[in-house]
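Step one of this worksheet: look at the structure below.
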Amino acid sequence: MYGLGIAKGLSVTFRNLFRKPSTIQYPEEAVPQAPRFRGEEFAWYEERCTGCASCAKFCPLGIIKIVTHPGGIDVQEGQSYAIDVFDIDLGRCMFCGLCVEACPYDALFMGSGFERSTYRRDDLVIPIDELRQAEKHPSTWFRPQLEAKEYRPQTGQPLSWEEVGR
Amino acid sequence: MTTVLAGDVIARLVEDFIPGSVKEWNASDVWVKPESILEVCTFLKTDTALGCDYLISVSAVDYIEYFEMVYHLVSMSNNHSVVLKAKCLGREDPTVPSITSLWQGADFQEREVYDLMGVKFSGHPNLKRIMLWEGFPGHPQRKDYLEPPR
Amino acid sequence: MPIRTEPVTINLGPQHPSTHGVFRMRITFDGEIILDVEPVFGYLHRGSEKLAEERTYTQVITLTDRLDYVSSMSNNLAYVLAVEKLAGINPPERAMYIRVIVAELQRIVSHLVATGFFLNDLGALATPLMYCFREREKILDLFEMLCGARITLSYMRVGGVFQDAPPDFWHSLRDFLNYMPGYIDEYETLITGNEIMLIRTKGTGILSGETAINSSISGPILRASGVNWDLRKTDPYDVYDRVDFDVPQGTVGDNYDRYLTRVAEMRQSLRIIEQCVDQIEEGPVRAEVPALVRPPIGDAYGHVEGPKGELGFYIVSDGSIAPYRFKIRSPSLINLSALRGMLLGSKLADMIVTFGSMDINMGEVDR
Amino acid sequence: MEPIYVPFREANSFYRNLYDLFAEWSFWGVSPIPDWLAYFLAGFLIVFTVVNTVVIVTTIGTWVERRLIGRFQSRVGPNRWGPWGLATPIADAVKLLSKEDTRPEGVDGWVFNLAPLVFIVSPLLVFAVIPFGEGTYIANLNIGILFIIAVTTAPTIAMFMAGWASGNRYSLFGAMRGVAQLVSYEVPMVLSIVGVLLLSGSLSLVDIVEAQRIPFIVLQPLGFFIFLLAISAEMNRSPFDIVEADSELVAGFHTEYSGMKWGTFQLAEFIAPFGAAAIITTLFLKGWDGPLLPSHLWFFGKVCFVWFVLLWIRATLPRLRVDQIMALAWKFLFPLGILNLFITAAQVLVWEDPTTGQLWIMAGINWAVAIACLVGVSQLMSDKLSTRAPLAPVPVKGARGLREVR
């Protein structure tokens, strides 16, 4: 009937007037993140990393740059290389997490940050020492052992390299 | 389940309708001479037993020595699918008769194959590039395509 | 006495509030009536098909996310099904159930976006759009819980899904299933009976069944024209043969039918998810597949009933770790071929509404 | 010496005292300042206050509108500038004033610049005749309604000037649509106003308000319905905002404008609803009259209520198509307007000066007729809806050729 549909539509919007708005005031209130969130503060454990560069090979965009030279801890068994350069170019990273999936030694983890913005493009490249000093809040993406521990990267304590292994 | 018609069944049907058009077949595909694609498709569409009235996709694959045109067809009424292929030898300007007269859906797909792969379609209403701009040199999806020096 | 009128050509340009992406139409008008439409696209052409030839089978998954950027789960599912058909891998039970649940969730997201922007094109000042996006956020939270990302998910892998769902995913999914039907009813009361909406969408942008089949249209647009063709029924993949749902259909094939089909499909998706959640059991979620999967030489065509239509991948493998040829059968590109027939003779306002009701996604058209 | 023109004839009117106040002024040695100067100063003072109150109320109105539409859409609306976003209108004004005023080339010079000025004149002029309270009005013209009808046609020219001058095809589309819509909605608007005039017997707004023993909305439901649709079409408000239909014509006739020129258009478009609400309250809701509270509060309360209803409609309803809007005007509102006119005329003829009892009978008849019309016409519309034959493709000889118009 003419007008009845419009009246019902108007009643819906009027009812909505009294509902709590669903906006989240971003800088003041943060959106709750899931523990598996694939963010940009990569957690990289040098003790676990052997420099095999399978993460660099497996990244679709090839943005992880690793330079190593033999002379790691136990060179005889050829266990691990000394890593000179390990930087991730966040400017071109799409946070797909395939590098974390490819790492056989659980040395590389996604982080849960998303607010890194810089004025210059090459500030977006995370150098090796920044990775070393960063507080390690590894996201539980593709790491069932962290999930088994109910680890919350956004609120939990930073984890040392022993606790994150499989 | 959409049954995939066996290659030899289709080959026999097509062969006795248009002699000399089928070149080879295997478990699920039929290779046909490029020039006779239009007749074969008309037969596939109009024949009641086959009745492929729904064209799924037109694609081209670059096998260096030849271009292979792949047509996926489905019959909505008796829910079976047919895969039709045609090998156009040579790389200069492979031409294949256009099937837009049968299915209007093939229009954009053929223009895209012409644009990216360089296979010309004779009888296409307006064969122009669809993705790239008019003066683009070459066809990027060919295996031997080299990017122009920046 | 003939009045001398001169047709005016307008570039409904790549940058226009209601072209849903970078899409241009060169339209010749006589007054408000459309005489000729010539779609021009290719602005978003990223060469995904060529890129895929240098990526391993797992890396291509990240490419498929960005095809139809509103329904990345269905794109992953279509690609993964094609590779599994090529390599002869069958995923475990639980993985198939999770895949169907997530694909249906993604269908709801895509239909919410389609309906919201459809109303926005009608001029409803984004009120329904905001309601639709409020629900979409809740589904995106579910996806974030599941695979860490909201839009470009890359959740599926050849042989299943990369990781099982966390326990609190199932609780929030249960809550979602409880309150979502209420919201869909709210849209229906707000929109479906609205007389202005009826006048604007009934009888405009008519697509008859025969022309739809002839121009190989697929998806809700085909079903809105009265053709009963849904891949989940005709060629069931994963567990679609174990859940029962019905396929909503339209009669006339005008904008109103397309809108109704999409809303009805949202309800059916909820039904499917409910049945899957009941039938799912514990078990592995990924088959034993090497990280660099090498399918045997040959080709395969895998398709899925995506929210926009039949999304298919024709993959040719030469035995190496990267696909030799990667062809995407994109439903939006092929649905566009019927656009000209539907628009001739209609008005400028109808053209915007018809284009909106066809739910074209430019990421999928230009690839 | 008899002053040339005694503007405020009523002895006790507020302006008379102001005029007398200025009359005794003397500065620079000129003892009583010339008569016309005193009149000008008094008039200017009044008009200055009224225009500024209207503009300030409108700017606050933009804030209220954006917050309310936000709430309708389950979001919050501007709340960044100042407490609850109260400084947003100021921020908008500063932005618009400081924004570069681009002028695309190929633009028809001074027509382009003049359009916004002509556009803002009419919504402001409407407030010249509206009685804000018991005795407070700028001018109690005895042809008040005629003045309003004349003034509300001004935006038509401004719209066309803007559309034509900006040389952009979308603006031309918007302008052509605007002219067609405004012209064809003048007729139903006038018809519904005449219904009110028949009952009140005089054109002056003050008399109309006093003549409303029962608010005319009760007596004239059909007239109110037609007037509401017509006035919201005049201001290009929601179901009829095809002029700057942002999903179709980018922004209609003010696509090429930016900076304060665009700001003037927007200001005019936000003043218009207040003007419309004021007219509706004076014509249909008994203006300033109401128990207990002072008359100004009643007037302002009613205006805000009508303004909220207009906003509520704007937040919900989609847009009609051009030909449907014209069809609605000529095939739906126009006949109903004439019908309403006949019935009111007959009633006024039958009952000379109706007592309240007879007024209620008239109200009853009018309501019955209104509901009967709406239901009847809706049946006609709805079955016409379902059998809408799709338009056949239009044959055209050459793209450039002549074409017979059907």
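In order of appearance the chains are A, B, C and D, and numbering begins at 1 in each one.
Please note the rule applied: a contact is a pair of C-beta atoms (placed from the backbone, for glycine too) under 8 Å apart; a residue touches a chain by one contact, two chains touch by 3 or more.
From a predicted model like this one, the values you see are computed outputs, not experimental measurements.
Judged by touch alone, the chains other than chain D, held in their current positions, stay linked as one piece. Using mean Cα coordinates as chain centres, the one most removed from chain B is D. Note on interfaces C-D and A-D: more C-beta pairs are in contact across C-D. Each chain gets a centre from the mean of its Cα atoms; for chain B and chain D, those two points are 63 Å apart. As a whole-number value, the distance joining the C-alpha centres of chain C and chain D reads 44 Å.
Centroids built from CA atoms put chain D at 56 Å from chain A. The geometric centre of chain A is 29 Å away from that of chain C, both derived from CA atoms. Counting partners per residue, chain D has 72-75, 315-317, 378, 381-382 as the residues that reach two or more other chains. Counting partners per residue, chain B has no residue that reaches two or more other chains. Multi-chain contact residues of chain C, defined as those touching 2 or more other chains: 127, 131, 134, 190, 194-198. Interface note: chains touch in the pairs A-C, A-D, B-C, C-D. Those residues of chain D lying in contact with chain C across their complex are 69, 72-75, 169-170, 173, 238-239, 241-242, 245-250, 314-324, 378, 381-382, 385-386, 388-394, 396, 399-400, 402-405. Interface residues of chain A, counted against chain C in their complex, comprise 2-6, 8-9, 11-13, 16, 22, 33-38, 58, 60, 94-98, 101-102, 110, 139, 141-142, 144, 147. The part of chain D that touches chain A in the complex is made up of residues 68, 70-76, 79, 312-313, 315-317, 374-375, 377-378, 381-382.
Those residues of chain C that touch chain B in the shared complex are 41-42, 45, 47, 49-50, 211, 213-217, 227, 229, 234-236, 299, 301, 303, 310, 312, 314, 316, 324-325, 327, 329, 333-334, 336-338, 341, 366. Chain contact summary for the complex, chain A toward chain D: residues 1-3, 6, 9-10, 12-14, 16-17, 19, 21-23, 25.
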